[in-house]
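You will see two complexes here that share subunit A, one where it goes with subunit B and one where it goes with subunit C.
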Partner chain A sequence: MEGLLMIAAQVMSVWFTLAFTLIVLPSVFGLSLGISEFYMRILVKTLEWATIRIQKGVKKKQAMALKNSASSGIIQRDETTMEKEIAGLRRVDFELSDVFYFSKKGIEAIVEDEVTQRFSSEELVSWNLLTRTNVNFQYISLRLTVVWVLGVVVRYCLLLPLRAALAAIGIVSMIVGTTLVGKLPNSRFKDWLSELVHLTCSRILVRALSGTITYHNKENRPQKGGICVANHTSPIDVLILTNDGCYAMVGQAHGGLMGLIQRSTVKACPHVWFDRSEMKDRHLVLKRLKEHVADQNKLPILIFPEGTCINNTSVMMFKKGSFEIGGTIYPVAIKYDPQFGDAFWNSSKYDIVSYLLRIMTSWAIVCNVWYMPPMIREEGEDAVQFANRVKSAIAHRGGLTELPWDGGLKRAKVKDTFKEEQQKNYSKMIVGNGPTGNLSMGAESD
Partner chain B sequence: MGSSNSMPEEIQELADKTGFTLEQIEHLHRRFKQISGDQPTIRKESFDRIPDLEFNPIRSKIVRAFFDKRNLRQASVGLTDEINFEDFLTIMSYFRPIEMNMDEEQLDHFRKEKLKFLFHMYDSDNDGKITLHEYRKVVEELLSGNPHLEKESARSIADGAMMEAASICVGQMEPDQVYEGITFEDFLKMWQGIDIDTKMHVRFLNMEPIAHCH
Partner chain C sequence: MGSRASTLLRDEEIEEIKKETGFSHSQITRLYSRFTSLDKGENGTLREDQVNFRGFMRTLAHFRPIEDNEKSKDQNGPEPLNSRSNKLHFAFRLYDLDKDDKISRDELLQVLRMMVGVNISDEQLGSIADRTIQEADQDGDSAISFTEFVKVLEKVDVEQKMSIRFLH
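Right, the complex of A and B next:
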């Protein structure tokens, strides 16, 4: 028994030393030892091999046109406006024909609607050897199955414990580090130290997820006194961004572990955490954020204006609140590569713990981050228009589609005001013709 | 490494019956599960989950059409409470695009089926004709979104349209002749020569999920 304990202690110490030298130390200095790159190269080769095998195994006569349109829908919609289509159909002065148009639109909506499909994970064009993405794919060959089993073993028995341990180290050091830094008096040294601690822990946590992030246009990185705005796919977005810079977070104060982290980090660096009651008061929130932004020495705020997690194929409506604060907006586009691991958090399907487990048992998290040049609200532009402008820019940069819909539709129904707008358009059209129709009728029936 | 495919023979049967391809059926099946919340049948309430549909002024008529027994090719009339996937496909097949290899007779039959679907939407009491009353109801529903529109306008539009329909179908009417309603033959007459087939279909893209072993 003692012997076993001794051995266990030895293994643990060796392991910890390894972890420390290979991961923690480089994180402090922002260096990379190339281990992740090596892992990624092997991974890419394996997946390519798997794809080729799958292609060979298919017994179809048609050529394999691998379109990337798996997520863009299964029906082709007519882009002509309502007015044109209805005018084209009109034969009787009225609406028998309009029913054609509306019933077609209705059926199209039933077959596929743009909104609901954004709240489920993106479909892959080719299988990536994870069971969870295996919706379309069937048994191909023995070799593939063997590789898949090997993959399961590697992911669950090797990578998962490693990652979980790293995550634990990262979180603990974040809490301890920021609490220690918080004890210092306010000074430039304290700010520098807190930045170092935040960056280090962030890097450790990103490595805990085998994250491979490519940052583009680093010269556009958000500056102090600005507001950083990005599209939202998962809670990991925060880590992705803090891996490369320091931000002041904005959010609701939670309880539990999250609350602990929040309380300790706020001592080191002025993050903005709101109580639940304060969140309801929009003016209060706006005021606090305005104060923060006005101070040019404070770190840029990080905000996700969509308000909820979207599945990274599109960008939904940006809530105008963030754009009313004023100041310079630094848009950032984040696009994950779904081939290596699906980062989308479907909060109605999975809770945070199962989500984290899924992330830790994926191959890796690969993403691209584009920093975009700053934008300011122009003369005569209101908050909504500004929000839409920023949204288009982000969608365009990241290669995502743009939707006018509200992310809140995940849970709620369409707002009645929105509905009425549309229906008013239609009835305007009809009544426009109505009086003339009546006149001619009047003449005839006389 | 299992997949969500049910037995291929069942799917083949459905494909033969409704005219969809196997891939289209798979996609529609997934959509069906989404709408039904993974249940085997859908009810009217399930359509509430579709935001896009909320904007449609004749939403309730469209949803109703799914449960209309006449559209489901059942012998009886009235509405059923819930439909399964096969019924869902049957309704969808009304909106299939025409195929290149159809002959005259098939085209004609196809067109008639589509027009019949629309006719059923108007003719809610199933007496075989669209009366003035039913017409008015449809117009009111189409215009229901605009609260500023008075009922009178809706009525006059319906009346005017009905008159025009009468003149097309019956020609000059005697002063005391009452136009009972638009029968299905009249309905067909109104649309003669107009190419409605392209207006009333939903175009499916050619989707091929990779690695499909049949």
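Right, the complex of A and C next:
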């Protein structure tokens, strides 16, 4: 028994020493030893090989069906409006056949809508050797299965312990480092040291996820006194961005481990954490953020205006609150490559711990980050219009579709006002618009 | 992952649904994954009305375009769910809330109220309902039977109005 403990202790120390020299030290200086690049090259080659095997193995007709199902929808929607379908050329009145229009539209929405699909993981065109994405693909060949088993072994027995160790190192050093820095008096040196600590820990944590991030247009990186705005896919987004720069976080104060991290980091660097009760007071939140932005020496704030995690195929409504603060907005577009690992956090399906486990047993997290030129609110533009303008820019840059719907629909039902609008439209059609009974509703209907 | 396996669709079930509804294999699997994504409680049924997947498919089958039946003409089998008559029957059941094979004035009023919300007064809605029943009623029972319903809609292109283009 004692002998076993000795061996375990020795293995652990070797493990940690390796991790320290190969990963932690380079992180401090922002260097890379090329290990992850090597890993990625092998990974890409393996996945390409797997794709070719699958394409050969699957019959041609089925392959076409697979391609279609991943890209197109289930139905082709009929885009005729209520006006055309019901009113048409007839006189003002109700007819029994009107029910066809409503039932058809209802069934169309039940079968396929723009929003529900955004809250589940993106479907892949070809399998990436992970069990969790094996929805449409069936058994192909023995060789492929062997490679898959090897993959499982590598991911769970080799990568997972390594990544977990790194994550632990990263979090502990973040807490310890920022607490120590927090003890210093405020000075330029303290700021510099705090930045170093934050950057180092971010880099360690990103490597804990085997993150391969490509930053584009670094000249547009957010400056002090600005607001950084990005599309939201997962809590990892924060790490992706802090890997390359320092930001002041904004968020709700949590308890537990997260709360510990929040409390220690705020001593080193002025992050903005709100209590639950303060969050409800919109004016208070706005005021504090305005004060922060007004101070040109403070780090740029990081905000995700969608308010919730979306599956990285589209950008949903940007809440106007972030755009009322004033100051310069630095939009950032983040696009993950789902082939190597799905970064989307489906919070209604997985809690944070199972989510992190899934991330750590994927192949890697690969993403592209585009820094975009700063935007400011123009004359005569209100917060909503400005928010939409920034949203379009981000969607365009990241190659994501743009949706006007609220991300809150993930959990809440659609507002009744939408239904009431349709009812109003229909009523006008069957009753008419007053004594003239005019049927031209076009200008009024939205 | 374990709970997902127990709700996966078996091949025999897919064949049964195919025969009953006329959807293709790939359409059924796609609609099944849609059904599971809507079924948030993961108990195999959709919310209040407790519609299970078979019921879901049966309802959707009514909306298949009629031309699709040309390929699989089965003269001896039961009438396909998306025939003109069955589509009309589906629409009739939308109005006939108590399922007594008659659309009464009250039922018509209830459905109308759902469609117009608060925008039309009770009196006006009542007169619309009265007029509709008057025009359709032939046997003088102040209600619309299925035959009378069909007669009223004989000139309507039901196939076009009540069909959804399902892909592949």
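The criterion applied here is as follows: the second predicted complex is superposed on the first by the 366 of 446 C-alpha atoms of A that agree within 3 Å, B and C clash if a C-alpha of one lies under 4 Å from a C-alpha of the other, contacts with A are read in each partner's own complex, and residues count from 1 in each chain.
One rule holds in what follows: a residue touches a chain if its C-beta (ideal position, glycine included) is under 8 Å from a C-beta of that chain, and two chains touch if they have at least 3 such contacts.
Keep in mind that what you see is a predicted model, and the values were worked out from it rather than measured.
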{"item": "Per-residue touch tally on subunit A - higher for subunit B or for subunit C", "value": "B"}
{"item": "Which superposed partner A:304 touches (first subunit B, second subunit C, both, neither)", "value": "neither"}
{"item": "Which superposed partner A:54 touches (first subunit B, second subunit C, both, neither)", "value": "first"}
{"item": "Touched partner set for A:109, first subunit B, second subunit C, both or neither", "value": "first"}
{"item": "First, second, both or neither for A:99, with subunit B first and subunit C second", "value": "both"}
{"item": "Which of subunit B and subunit C A:145 touches, first, second, both or neither", "value": "first"}
{"item": "Which superposed partner A:370 touches (first subunit B, second subunit C, both, neither)", "value": "neither"}
{"item": "Common interface positions of subunit A, toward subunit B and toward subunit C", "value": "65, 69, 73-76, 85, 93-96, 98-104, 107-108, 110-112, 116, 120, 131, 135-136, 419-420, 423-424, 426-428, 430-431"}
{"item": "Residues of subunit C defined as touching subunit A within the complex", "value": "1, 26-27, 29-31, 33-34, 37-38, 40, 59-60, 63, 90-91, 94-95, 111-112, 115-120, 124, 128, 132, 136, 144, 149, 152-153, 156, 158, 161-168"}
{"item": "Residue ranges of subunit B in contact with subunit A within the complex", "value": "1-5, 24, 26-28, 31, 34-35, 47-59, 61-62, 65, 92, 95, 117-118, 121-122, 138-139, 142-147, 149, 153, 156-161, 163-165, 168, 190-191, 194, 196, 199-205, 207-214"}
{"item": "Contact set on subunit A toward subunit C in their complex", "value": "65, 68-69, 72-76, 78, 85, 93-104, 107-108, 110-112, 116-117, 120, 131-132, 135-136, 348, 419-420, 423-424, 426-428, 430-431"}
{"item": "Residue numbers on subunit A that touch subunit B, as the complex places them", "value": "54-55, 57-60, 62, 64-66, 69-70, 73-76, 85, 88-89, 91-96, 98-116, 120, 125-127, 131, 134-140, 145, 148, 405, 409, 413-414, 419-420, 422-424, 426-428, 430-431, 434, 437-438, 441, 444-445"}
